[in-house]
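The first chain written gets the first letter, and so on, giving A, B, C, D, E and F; residue counts start at 1 in each chain.
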Amino acid sequence: DSGRLNLPFTGICTFAKKPYVEDWGSLDADAAILGAPFDAGTQWRSGARFGPRSVREASTLFSFGHDGAYDHEDDATYLGSDVTIVDMGDADIIHTDTIRSHANIEKGVRAALDAGALPVVIGGDHSVNIPCIEAFEGQDPFHILQIDAHLDFVDVRHGVTRGHGNPMRRAAEKGYVTGLTQVGIRNVSSTAREGYEAARSMGSDIISVRQARDMGVQALAKRIPMGERLYVTIDIDAFCPSIAPGTGTPSHGGFLYYEVLELLQAVANQNEIVGIDLVEVAPDYDPTGSTSILAAQLLMNFLGFIFHARKMS
Amino acid sequence: DSGRLNLPFTGICTFAKKPYVEDWGSLDADAAILGAPFDAGTQWRSGARFGPRSVREASTLFSFGHDGAYDHEDDATYLGSDVTIVDMGDADIIHTDTIRSHANIEKGVRAALDAGALPVVIGGDHSVNIPCIEAFEGQDPFHILQIDAHLDFVDVRHGVTRGHGNPMRRAAEKGYVTGLTQVGIRNVSSTAREGYEAARSMGSDIISVRQARDMGVQALAKRIPMGERLYVTIDIDAFCPSIAPGTGTPSHGGFLYYEVLELLQAVANQNEIVGIDLVEVAPDYDPTGSTSILAAQLLMNFLGFIFHARKMS
Amino acid sequence: DSGRLNLPFTGICTFAKKPYVEDWGSLDADAAILGAPFDAGTQWRSGARFGPRSVREASTLFSFGHDGAYDHEDDATYLGSDVTIVDMGDADIIHTDTIRSHANIEKGVRAALDAGALPVVIGGDHSVNIPCIEAFEGQDPFHILQIDAHLDFVDVRHGVTRGHGNPMRRAAEKGYVTGLTQVGIRNVSSTAREGYEAARSMGSDIISVRQARDMGVQALAKRIPMGERLYVTIDIDAFCPSIAPGTGTPSHGGFLYYEVLELLQAVANQNEIVGIDLVEVAPDYDPTGSTSILAAQLLMNFLGFIFHARKMS
Amino acid sequence: DSGRLNLPFTGICTFAKKPYVEDWGSLDADAAILGAPFDAGTQWRSGARFGPRSVREASTLFSFGHDGAYDHEDDATYLGSDVTIVDMGDADIIHTDTIRSHANIEKGVRAALDAGALPVVIGGDHSVNIPCIEAFEGQDPFHILQIDAHLDFVDVRHGVTRGHGNPMRRAAEKGYVTGLTQVGIRNVSSTAREGYEAARSMGSDIISVRQARDMGVQALAKRIPMGERLYVTIDIDAFCPSIAPGTGTPSHGGFLYYEVLELLQAVANQNEIVGIDLVEVAPDYDPTGSTSILAAQLLMNFLGFIFHARKMS
Amino acid sequence: DSGRLNLPFTGICTFAKKPYVEDWGSLDADAAILGAPFDAGTQWRSGARFGPRSVREASTLFSFGHDGAYDHEDDATYLGSDVTIVDMGDADIIHTDTIRSHANIEKGVRAALDAGALPVVIGGDHSVNIPCIEAFEGQDPFHILQIDAHLDFVDVRHGVTRGHGNPMRRAAEKGYVTGLTQVGIRNVSSTAREGYEAARSMGSDIISVRQARDMGVQALAKRIPMGERLYVTIDIDAFCPSIAPGTGTPSHGGFLYYEVLELLQAVANQNEIVGIDLVEVAPDYDPTGSTSILAAQLLMNFLGFIFHARKMS
Amino acid sequence: DSGRLNLPFTGICTFAKKPYVEDWGSLDADAAILGAPFDAGTQWRSGARFGPRSVREASTLFSFGHDGAYDHEDDATYLGSDVTIVDMGDADIIHTDTIRSHANIEKGVRAALDAGALPVVIGGDHSVNIPCIEAFEGQDPFHILQIDAHLDFVDVRHGVTRGHGNPMRRAAEKGYVTGLTQVGIRNVSSTAREGYEAARSMGSDIISVRQARDMGVQALAKRIPMGERLYVTIDIDAFCPSIAPGTGTPSHGGFLYYEVLELLQAVANQNEIVGIDLVEVAPDYDPTGSTSILAAQLLMNFLGFIFHARKMS
């Protein structure tokens, strides 16, 4: 107890009011939050550069100054004092320069990995997943779970290879990425028919929202290789615009909250989670704040599940 | 017929365009609406002080100048001319002074009870439930149905006993409150593990959204003591932020409209409703107006069900 | 390929970035989009006059410069280069003058029909359906599918016969309208009990959201006369305010996206679609843009289904 | 003293929390407020139908429960208990029917005049000025002071004679209107060169914002016939969009607050004010509420000046 | 140089991206920023509790990673590396408890004073000025410059002594406050005629916006005792709602930017500034962010002037 | 006359409802409007990519279907049928690729110049001025008038040479740019002291808002070389945030409407205007629409002045 009531609306907005560690060489934590406020990869609305700030701010809503978060449905207390989380601040973004901005993001993720911390990156648009995955060069192989409305599997269009329509293609090309499960995919996007065919040929398992609903969360989780190291990339537009309107390219027909939460809880229990990014929160398109709150609520629960599972195992 | 078309967008905004009765000593109605615009009990966003005004305004959307509201699904006309509703205006709020503001709310509820009218209080934050329940001191015992995202069962933190995290604990302490059914409870909040344990030990039945869905509305209604006098307190954050973003502490994973409406219809038929409060509408966080419209639509239908049931019985 | 990347956020906002044809005498297309920016028929919020512009703008989100839209769930490419769509611009609206504004809308629909194009009208409030239907005078008979929260079956109130509460009554009176299926109807509105009785006596099949859900989309589609020519009128308030808050008279408890999409896909396959209107998008009440995006996503998919079915048959 | 603190955010929203008088036959007051929520006369944004409600709500900000409003600059207390103001509610608006809606507005103004009360009409769009002026048929002649961005002097275009571009032409045609002073006029509008010429030929004095500034408020006031009966019509778009963005057709370069307030104070002292309308507040285009607050602050001060001047004279 | 470009939109939101010092016992800086997110003292809109966070966020707009801020008009570089500023975070606020919340604010200001740092408090509503002034008990006497729309000189109403209408009265009662200059005061408020009389009798100099304009900034500055220690309290509603709509009780007719900036520059040069508070920023009422940007721009320039003047003297 | 009333809210949103010319090889007009929806050069808020669409939409407010725009202050009709304006649509933007996006903008400007049309570019962020100026390579020399809050004279920081802080430096380097007059410059920005010194040494005349006000518009205009060919670049943040909050980096203390309008009218009369860009409108940060309306009103009047002056000369 800090001697403070520490109501959610008070205090500096680091993620979950956790300590800010400016010196990335001295990281010492179970999980490290990194902001990646880059939005030059977007094809409709920009604004995801304010994603990290808004998710941090929203995360304070769930910080009541208790020691851990009690969940009556699970009868468990998550993120108690035994779990250490730090906020690394943001990667340095260089306007007009995609290559160097991406390099700076990669540098941050590498710093977290070097420190043995779980990297948790808050975008920024989905192109920031590219340097996140590149930072794992040299690490053991892993599978990727993408939760998203869009396949993002464009190889190259008009020379663009690092936009927010390209990341899953870039990931699939990596030798240390063993495969992809792409969940929530629906409706038209920048990926044309060829992209779907390429994805399937490169080992992707593509599942729409309706297909995911039909099979149920347990069957869905089983589509992901049990026990394998798993990187999870969450594009907030995987969700229904009803709860996530604050995003660059909304698509109706998306997931509701528990559909994704339960999938995350399942993989936290069946896989080793090696990295997370949550992208495409463009807060200024949602004056209610629901989108940022969703992102924060999801990340905090996912982190809770991961470290609870580690403790249980 | 008033000789007017009386379109929804015209006229003074009392609740459902019903008469305003300034002199609480002369109340004569089946139901009496009281605003309780107090929001100093909040732990994240304030703004619920404008709840009463916004719900009144939204209620005019459903006031088409007909004699009663025809529902084709029930083949029934609700709130015909045989049901009298009045608007008492607002309790007098004293800024910086929780005790006196609460006392003024209690005074209004007592006036309604003394007049034999069903008190319907529009908050304000959930702390206004405390004086509402206190106004029933001396009345016959009753059960409480709470529809809410949060347990609100904090005993005391840093000396606070009348904030919006305390009301259900305060209610449970009353001799004339026979028990609580707490529905919709989910995710972390100001109530820690001890609060849940205290609630259960004091006789609470705690049900999450997913648990409520799994059992279905009929089974859910049966968890409430059949036939018993029932006070219903509805925190708008029980609902999914998709339809109720305009609230102080949104929590994803909430109820959709019919889930709550059908529960209210069930209890209107199986219990004697002795009082209602609907709280935590903070309209300025929802520029679409959906939250206020939800509150108004819910209250008008609930009142319709209650007086229809009374007539049928 | 235009030689351009043509990202969604670039370019002039015609519907789906299709050609604008100012001279209605020279229309030559499979489908013709007509704006009908009239909102003087509303009984609560106005603002639907900006519906056409906002739906056009939103439609560009789904225009990635590919040749057609690939749907991985259906493994089909919709709206390829074989389908020609043009944008007629807007009907000329005369402020303060309902009769002449309606006449100008009728003129536009007649122009599309004369050219053999499928007329697709974007409102404006639901009163614009009245001239749309009147434009079919002299055409072969057809059935109407209305997807809406409100019955809109008021005969006349205070002399009003062409407001947004009247269109389905006006349609039912036409000799060439063989019947109506009215889906999504719920809660109180300007149509009183007498209106429901009149509708039923004039051959309407009235189905609420909950009734539609209970029977499922296939059974629902079967309530519509198989194979018959079908006009589809979609009031955006048929949808849940969670995804369509930007409308004049929101009503909670509405449809979610796939419930309507699948119904539209079913009728595209079982009926000959002869006309479409989509009304009551009032974009300025939805700062997130979700409502306009919903309207655009729905129309583009519906058009895809229609022309795909024509090709298949 | 009501025994209440009566903070601005509490209570039913009549204008300045004054009594609502539903029976227009029993009016007995110095001033009578009438809402005229008609917006079918607009040529760009609609939404002025919510002007009366929003101005009433904003007026409560200035109602602190004191007996009168003390102004330290004038060392005067305005609107003390000797001045009686009532709120008549709104004229009955018939959607799609301009003629009958206007007739109902005229009826309300006549009721105020018959009761000897100063009619104060809150629009609605500027077309509501037409029935306001028509209600003075049979009264003594008067001059009109229009404060507006637009000349509104269109005779007839495409048959429209009662839109919001026509009122000043309609007024100038009345035998009992002795002349017009049109202040704030700037930039392009629906009135073409012919309209300006007609206005001048019918006796109008047209003054732009810059011209008004150059001459100063005292010289400006002198352009209005001293001592003559004066009707004042204020289009909120006379003001700079910086303080009045919530309006149908904003025009940059408008007046700031004191420029208009001081003109109103001057005419309150030099003329007999016989009627007032304030129009074109479209509150939903201004999420900050500044526009409605401006309208309320202006009306309350103007009424204060008028009744102070009457008492002094 | 940090080796980072450090664009304004990146990084943790402390004030001006300055270091956060959680341990108030180890403060060592020229100026210390303290958030006071208390808004239970408001009489119309609440929401000022988010003032500190929004002003911190806005302050990053002016943080381009240079060493100091060059002003070409003054040909000076402000806030270079010789000036040390720290962010203390927020005072602990106890919901429902004004007394203890105020005590915690006082504690923070005392910590800054004890460390020899200039305390700069960001509200919160204007009641937070009460504990700010109380923290100076035991310090040398000083004059107060209040820049505000409202006099805030209510002694007690309905028992309220620490609301946002009381602070200047509370200050004037202190033995160590030598006098007040109250600038910007206009229109009606919670202070009645008696309050103005009391203020004048207790030594206040009350100046309206128009009076300030008439005399000019140099004459205005001379109304403040030259050379005296000066505490400056800035209520953002002193400004015109055109640039500060995001506040609890807006009042038209306020100051524009340079009018206040130049007054602050003048007093920075002629007085010893001993404390600052800036209050009543309620950011959620201004979706454009202008109000928070104004507050941040003003504070950063004022701090620049103060430490530049100290260096020059 | 088109036979249509053509109210501002109807019709396809090209600039001023002028013809859209997709084939840039066939341009034939006095002025050609080009959208440059690029915003990756921004250092705080992005969103200027929607500038072209929003300014086009706003421009329709001033399009009443008359033949030209009558201005009663100048007693002139601007932009009559003798002036031909076309809308070229938008330059093709390649996300993540600044170089190619800029090249596409340059291409569009060259097409206008080749056709002998005045190029009028709507941004986009201020970096789009770089390709605009580069398109004049090979043309006769000209002076630049920049109206802006920020100097934008950064040479290179962290490798960035084509961001929105660099354009005036890039322009000054061109042999065919004879000098710059930079008006409205104030407060801190990305340009440090060195940038100001470089600007002055390269021939810039830097004038703040207060300096411009002090000298008056006629003296200000004289600071620009009389008769010289003049390119005008207008950053909307030159204006006060009160009327232009919808921009990336707002700065308080900016110009009001007539201050800039009159300067533009003066240079239209004294210089040959060879090109125009108006940048940094980020419409989604201004829900009122005032910023876009300002941009449209300014451009339409400036074009009116230019072609009126050409006709007069």
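Quick note on the criterion: a residue touches a chain if its C-beta (ideal position, glycine included) is under 8 Å from a C-beta of that chain, and two chains touch if they have at least 3 such contacts.
Nothing here was measured: the structure is a model prediction, and the numbers come from that model.
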Could you name all chains that are in contact with chain B and with chain E at the same time? A, D
Hop count on the shortest chain-contact route linking chain C and chain F comes to 1
Pair from E-F, C-F or B-E with over half of its contact pairs in common with B-D: C-F
Which rotation angle, from 0 to 180°, best lines up the CA atoms of chain E with chain F, given as a multiple of 5? 120
Across the interfaces D-F and A-E, which one involves more C-beta pairs in contact? D-F
Farthest chain relative to chain A (centres taken as mean CA coordinates): D
Chain B and chain C, separation of their C-alpha mean positions in angstrom: 37
Here the gap between chain B and chain F, centre to centre from mean Cα coordinates and rounded to Å, is 54
Residues of chain B that touch two or more other chains: which are they? 5, 7, 9, 43, 45, 49-50, 94-95, 158, 160, 240, 242-243, 285, 287
So which chains end up touching which? A-B, A-C, A-E, A-F, B-C, B-D, B-E, C-D, C-F, D-E, D-F, E-F
Show which residues of chain A lie in contact with chain C when the two form their complex. 43-45, 151, 157-158, 160, 185-193, 196, 206, 208, 210-211, 240-243, 245-246, 249-253, 285-287
In the complex with chain B, residue positions of chain A that touch it: 5, 7-9, 61-62, 64, 66, 69-73, 77-78, 240, 242-243, 256-258, 261, 287-290, 293-294, 297-298, 300-301
Touching residues (chain side chain A, partner chain F) in the complex: 39-43, 45-47, 49-50, 94-98, 100, 127, 158-160, 162-164, 284-285
So, in the complex, the side of chain C touching chain F is made of residues 4-7, 9-14, 20, 35, 37, 49-50, 53, 56-57, 87, 89-95, 287
